[in-house]
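Pasting the structures here.
In what follows, chain A forms one complex with chain B and a second complex with chain C.
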Partner chain A sequence: MSAAKRVQQWATFARTWHIFDCKWQDPYESANIIKKYLMGQHKPIYHPLNDCGDVVVCINSREIALRGDEWRKRAYFHHTGYPGGASWTLAWELHNKDPTMIIKKAVYRAMKGNLQRRHTMQRLFIYHEENVPEDIMKNVSSQIRQSRLVPTRLDHIPEEEVKQYPKVMDYPKDYVLK
Partner chain B sequence: MSAKNLFLNSGFVRAPLQNGVGRYVCQLQRIVLKFCKSHGGSRGMRDFIEQDLVDFAKHHPGVVVYLKPRRHRSPVIVGEYLNGDRVWMNVHNKTHEEITKWIEVLRTQQGDIASVRLRKYQYTDHPSIQGPWTPFTFKDPELNTAELPSSKFGANNRLPMSATEQLRLMFEKQKISTKTEDLKIAE
Partner chain C sequence: MAGLVKVGFSLARNAIISTSVRSIATTKSLNLKDIRECKEGSTLIVEGVTVPSPRTELLIRAENIPGYEPVVPSSKPPCYMCALGLDVKHTDVLILSQFVRTDGCMLPRRITGLCRRQQKKIGKMVTMAQKAGLMINLTPDNCKKDPRKRREHKKFNTYYDERTIFMKYIPKPLDRFKR
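The block that comes next holds the complex of A and B.
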């Protein structure tokens, strides 16, 4: 293999580091997106036998959004292996204990259960807030688009912008706002 | 399990040394016809030898033909090729016409191609003119200087326009049109 070909090989199989912002995202929906990047399925060179998976850094995993009343209804099962060792943890309890666990389990479940899955999971980094260690952040060169729009709170919009926003009608002067 | 553990060897469609582009070199070097002089299973083979073998040898001087009579054994054709392949073919109870066709197949093929699993049905020495794909092809160059994470590259940009946004745009348009009307009246 000539020097030029060798460099071509490095370039084609180079690992890219992606960052994904979990803020207000459905973990089970975004797991399907993250999975593709972890396994390399977004690349035209993808093949199950070649090692072309990328690294994904998830941030803000504390601020994920579950659908409906799933925080109260969804249970995570664990069994210690001893008799009577079964336990069911509700999603809100699990999220209080470890805010990275729900997104981790969602990505793990989204992938097919084979020998490669645990190695692919090693390429997933999850942080519950926006602060990521410097040595990880310096590798990041790409961002994965979210699936849902992050809503903006009214008190986070500058006051001037709110005042200029078109109004359908004005409240009467004697109207008492709660 | 991966493909290397399969019994069949894998390969690509190849023509040895661009055979036939300038001149054609017959890849079959030697053919041995084994048959029995008395058994019925060699009937077709004996017919071929009586009627066609001399013509075959005359037309294809590059191919060495051997005959090997052997008592009470089924007829067999063995071809040997330039690349070292050896093809063994049983022609028991085959008719004269069938054997003529099979010998033609052996003569025109370029090795033991039947025992190769083709990985692809096409082959090229120059797979890409533009160069192979890398993670950096088709990337937005703005990403090079962007401060990640940013909402510009992270937000979903494929959603349809919201009703609120549509209303706001209609309002902006209305403001512009009223302004122009005022101007017209002034004129």
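The block that comes next holds the complex of A and C.
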């Protein structure tokens, strides 16, 4: 085997570390994206028995965005196993307790339930803020594209730009500015 | 008795409406005004200053765009937002902030000059932007400006789907593991 082929072989089967910024991302949309990288489905050599999945580091999981009224409508079910041990936790309550749990459960549920799933989940790192430990961050060499645009707040746009932005609505002639 | 109440009610309403009209007409009408309050010593001076509209020069109208043709020369022309045909999302705060007062309240239709459908659409998108905390500098004084300081589910980021504005039945999200 030539040196170039050996490097190609090494590069094909090496694990890449991806980073994913969860800021203003829907966890259930992004779980389908993260899942592909975790299982290695983005690679042409993918096979369910081929251990070719990558590592994904999710940051800013506290800043995820749910659609509409889902923060107070979506419930997470847990049963202790004892009679009367059922409990339903709303999404915002769960996010208060552990800001990494919603994205973790979303990725877990997006994958097919087989014996490989729990091992694949071991390759997912989730952090609720931007500070990632140094030994994790030094491996990262790739970034996963976000599916939703991060909105800009009006008070973060410079005032001059807001004033000079093309206007659509003009006040009527007898309007008193408020 | 009912007639008496009705008469009293209409009298009260007339009184309110007439006073509000009169208070504006004390100065020269039909000009954009800015009400300014300044304090000199112990006297408070409130004056309505006639100001030129800051928006007239930056105004975008469909008929001024070169190459614009009205779709159908129907009897009733479309309103300016329909004519422009913009795809406005609730995150476009630079556009939505033109339709609100400084306290973040949506302007009524007689001031915006929109058609009914656009007024409803823009008004709902203003609500969405406010709930998502994207226009927190245009809010009333007693508002908890920073969404992180709000209570319970309101303190987390929320995004909205514009398709739900004119939808009677909102479809369930495609989540195949939903119970």
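Heads up, the rule we're going with is that the second predicted complex is superposed on the first by the 159 of 178 C-alpha atoms of A that agree within 3 Å, B and C clash if a C-alpha of one lies under 4 Å from a C-alpha of the other, contacts with A are read in each partner's own complex, and residues count from 1 in each chain.
Quick note on the criterion: a residue touches a chain if its C-beta (ideal position, glycine included) is under 8 Å from a C-beta of that chain, and two chains touch if they have at least 3 such contacts.
These numbers come from a predicted model, not from an experiment.
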Looking at the overlay, does A:Ile45 come into contact with chain B only (first), chain C only (second), both, or neither? first
After superposition on the shared chain, which partner residues are touched by A:Leu149: those of chain B (first), chain C (second), both, or neither? both
Is A:Gln8 touching anything from chain B or chain C once the two structures are fitted on A? First, second, both or neither. first
Going by the contact rule set out at the top, does A:Lys178 touch chain B (first), chain C (second), both, or neither? second
Classify the contacts of A:Trp88 with the two partner chains as first (chain B alone), second (chain C alone), both, or neither. neither
If you count the residues of chain A that each partner touches, which comes out higher, chain B or chain C? C
First (chain B), second (chain C), both or neither: which does A:Phe77 touch? second
In chain A, both chain B and chain C touch residues 148-149, 165-166
Residue ranges of chain B touching chain A (in the complex, touch as defined): 2, 131-136, 139, 143, 148-151, 153-157, 159, 167-168, 171
Help me check something: in the complex, which residues belonging to chain A touch chain C? 24, 26, 28, 63-68, 70-72, 77, 90-92, 95, 109-110, 148-149, 151-155, 157, 162-178
Could you please specify the touching residues of chain A with respect to chain B in the complex? 8, 11-12, 14, 16, 19-21, 43-45, 49, 59, 130, 140-150, 165-166
Contacting residues of chain C [partner chain A, same complex]: 24, 29-35, 48, 51, 53-56, 58-60, 80-81, 84, 86, 91, 93-95, 97-99, 101-103, 110-113, 132-138, 152-153, 155-161, 164, 170, 173, 175, 177, 179
